[in-house]
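So, here's a batch of structures to check.
One chain, chain A, links the two complexes that follow: it is found with chain B in the first and with chain C in the second.
Showing the complex of A and B:
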């Protein structure tokens, strides 16, 4: 009787969610891997096994080489910028000062804006006659091309993404800072450590875990950036913002090249796993010293 | 002693000043968007050279753009977003809290294995596998259906993880006592676990809500029919038209941002609480 009740409970409570996760997360990942080994005929839909041909031809393709280079450059820029800004903001906002709660809320406002909506807003900000150039002109500076300029477009996207994301990561770091016991700071003060010394010698080592969580989480989310590229730049100008997610989307839907698109998906997952393991490795090494 | 106090007060003033300038930078684009949602689209780019108070505060604010949204696909898209997100929230909470309960409170063989399925799913970011998943959904006839839009959002590994961690903190003695009193496993869930877990439920709701409300690539691929066109997609469509009315676009942007903002501000406290106790740090 009791057994039977337990099985019923498992069936009702657990089975739907596990089934959904297997079907809608794990199976598609496996499917991407399998389909990346096949070539699908656009007209007949016929599939032929081609082994790693899709991967080889992707890496031989100059556009794809550019995409990988841009994606890696982007990762090396956006992640340190976001983690560092979030950390500075967290250090500023962790202790109360006049209006700190209100001002902190204003910083996290952009979290609420859906990425696609933010991209639409910033497309107007970055227009040649938009807000950004209006401000530059009023400050007596020369106007810029932003997303229309090959040299600036990637940075313009990074600024927009940081505007959305930094407040969110700040919240995690504030929670982490609050968990550091006051006694440790007191001891450091008695030993004559000033603010900077305290930050370097007490805060940073003890903030290791939340900081590494934020670094890993920003890395993952920044590999998945898609809507801003589609809406703001469509990968341009001259491929300067062609991030991997956009490249995969283009291959699947504009070129109908499902095999190579799935190879792209698998490369994306590999890149993410590599970046995250590398971070864990470096952080562990850093902690041992 | 007095000089230390004065220094402290000076430090706080500097901090406030710094924070005010940072907050202004973050708020500037939003304020500009909001003020332009309150004036005709023909004036969106007229108050920028030079910047004046009129740039950010319209002289004759009105809600015409918001009223005009009602007749557009964007207005319909925002309603569609509300409906699908509400459904995701209801089904998602049911599914995720049930799974978390089974993984935290019920004892059975294979529990560890099933929990690792949840953890493993966390490692596969949904956006990355959206493209392979689309062909499966099309094969099942789920394109342009509300079910097709919400299904990927209802089982959320992060929400399950958060709820399970919270549920583990509920004392086993409480469960044993109520079992002896004749409560079955369904009763234990509804009478003990759910009522005790408000903060975690708020946190999980926020995760589920934002997943669906902020989604872009999935709804773009699976549903662009009249009933399934979601707000962000409709907004991006409107922006890419030849003659863009930024008054309308910005009014839509404000609505699409204000709704999650209200929820984040309400749930903020629970969210930080639950994320800092869920062990992800």
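Showing the complex of A and C:
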């Protein structure tokens, strides 16, 4: 095949993916950036160019400052918790033991529950007279506020999201674990390596790719968390669960403040790109070592 | 059961405004500037027409009125689309805002009307004003005006009253509250009675406001404490939430939860079932609850909405109007359906067949209210409702900034209910609303 023909073939095969990427990702992002530089009159729909005013007014707003802080704290908590739990579960469920298939199915099951439905279910768990406090009481422990308590609400949402997500991420890691050839473990065993040594020196390095994928994918999906906040806490108590995605929704669809909502979208994109670049950088550094 | 509960609550949330509006705005009855009536030559009786209608109620709610209308116009089909209440505002923003012509007629929560009208989400129907004014009480008529034009027609009206569990009061030796508006209980009396009932162990909690964190219900409390509606100014874009009245109302509200008289953590559709499950001695709810509680085995009675001792009597009001989408391609037929459901007493009455709610049409209300007492437990309710609608109803303020105010206030009320420090929380709220209102300045 001539070089020119090869290029044509490449173009044809890549076109659908590239087109989808441009239409569904790049154009909306560009549109958000452009719209974020305008202020739209609510009544006439007339747009005025205001430069970076929308960004300045957002960053000067104490509520928005809180939203950014909460979003970053949330990302630092939820992603390691989910990846680590998924990894532990994958290591457990890749081995066969009595009822392992049943238990594995039970852990995967919440994937089928849409986040909004899960939030409604969990609101019954977290109610003051709900399931969680019922269990605490029966164990003789003191009841908790959960989503009504400023200090527990974010963690309560993280627990709920992990209930939905961990089983899903576990699947990728189990697939990765199954891809590791048995001979390598066999060789390690002959060399006298125990389970822990095998996990650290064989499993972890060879699980690098699926693990990086899971880390990046959880990070992105967790930046986009929205329905549970809307249904369970509406950003409260006292702003403690005010995630950026919810703030954007509120500004765009409840308040009709399109300019600042789009500024929020662009800030969210920047946050995600920064977080993911940082992860790639650290993973690459780790691999080189 | 859930479905049943959902509709009235949605109603409650969105719709209550219309009744109060009646008394609140009676003085300002507006003569509209004439708007263009759709061309009379347009034929809506022969060719097939499909109308799309969108609202938060269950489809069963509107089956009777749709059936009544299509009997008159067999060539017209009406497709009703239910959008859950929580998503309705967003859906209107997205679909009507983007000029979607696939909706012809939709439900409008009355306090949101000003903003929708200002944004061009509603068709000017001032040409129907003369007919509407003779069919409805003035508050139900006035509530649909913004900028001297009429944008929608009221379908329902609302008020709130106090349900009480007779067995619980008997067990604790507490006298029943009077059903006479002149002898209505104060919040102080309810607190005292609730304490006795809870202490005696005959109820887990004293009372609960149905829409516990909603301005619809809290406004009457703030107004009774002398705090006003909370919104002032010639442009109705100034906040007044730190006056003595609001502070008193908020402190009372917070204390009622802190003292265990009202339960925390329960909201939305879960409040009414607390009364049916016999966990509450008193429940402040709406006319729709008469229908809902009709199915429970609680030995209940009804008394007028409470007020603060020494304060004014104020009660919630308002409900749903329906308006036309300016992008609709079937405006004449849609307007005909709208007229049937509101101005025509027969049609308006049909909107209340599947739901316990007060019809906005005067003639329809006259026929409807006495029927509410078919359950002996609701004795006296017709007189209470009539009295409140005419005398004590406080309309929610007409402001383009209502959406922002309502949604941010309800988050703050939830925080205050759970113990947030009132002064600082209200400061944060004021800053947040002012920031959101930047849009209008």
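Going forward, the second predicted complex is superposed on the first by the 263 of 289 C-alpha atoms of A that agree within 3 Å, B and C clash if a C-alpha of one lies under 4 Å from a C-alpha of the other, contacts with A are read in each partner's own complex, and residues count from 1 in each chain.
Operating definition for what follows: a contact is a pair of C-beta atoms (placed from the backbone, for glycine too) under 8 Å apart; a residue touches a chain by one contact, two chains touch by 3 or more.
Small disclaimer: the values here were computed from a predicted structure and weren't measured.
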When chain B and chain C are modelled together on chain A, clash or fit: clash
Partner, of chain C and chain B, that touches more residues belonging to chain A: B
Which of chain B and chain C A:227 touches, first, second, both or neither: first
Partner chain(s) touched by A:111 [first = chain B, second = chain C, both, neither]: first
First, second, both or neither for A:62, with chain B first and chain C second: second
Contacts of A:148 with chain B and chain C, given as first, second, both or neither: second
Chain B versus chain C as contact partner of A:255, first or second or both or neither: second
Contacts of A:127 with chain B and chain C, given as first, second, both or neither: both
Which superposed partner A:99 touches (first chain B, second chain C, both, neither): first
Clashing chain B stretch [against chain C; choices 94-102, 148-156 or 238-246]: 238-246
Residues of chain A contacting chain B in one complex and chain C in the other: 127, 129-130, 230, 253
Touch list for chain B against partner chain A, complex: 12-13, 15-16, 18-20, 22-23, 26-30, 32-33, 44-45, 48-51, 55, 95-96, 98-99, 101-103, 106, 108, 114, 117-118, 120-121, 123-129, 131-133, 135-136, 151-152, 154-155, 157, 160, 184-186, 189, 213-214, 216-217, 221, 231-233, 235-236, 239-240, 246, 249-250, 253, 256-258, 260-261, 264-265, 268, 271-272, 275-276, 280-281
Chain A to chain C touching residues, read off their complex: 42-43, 45, 57, 61-63, 126-130, 145, 148-149, 230, 234-239, 250-251, 253-257
Interface residues, chain A side, partner chain B - complex: 5-6, 8-10, 12-14, 16-18, 20-22, 24-29, 31-32, 35, 89, 92-93, 97-100, 103-117, 119-125, 127, 129-131, 133-135, 137-138, 163, 167, 171-172, 174-176, 178-179, 209-210, 213, 220, 223-224, 226-227, 230-231, 245, 248-249, 252-253, 258, 261-262, 265, 268-269, 272-273
List of chain C residues in touch with chain A within their complex: 86, 89-90, 93-94, 115, 118-120, 263-266, 400, 403-404, 407, 410-411, 414-415, 418, 420, 425, 428, 431-432, 435-436, 438-440
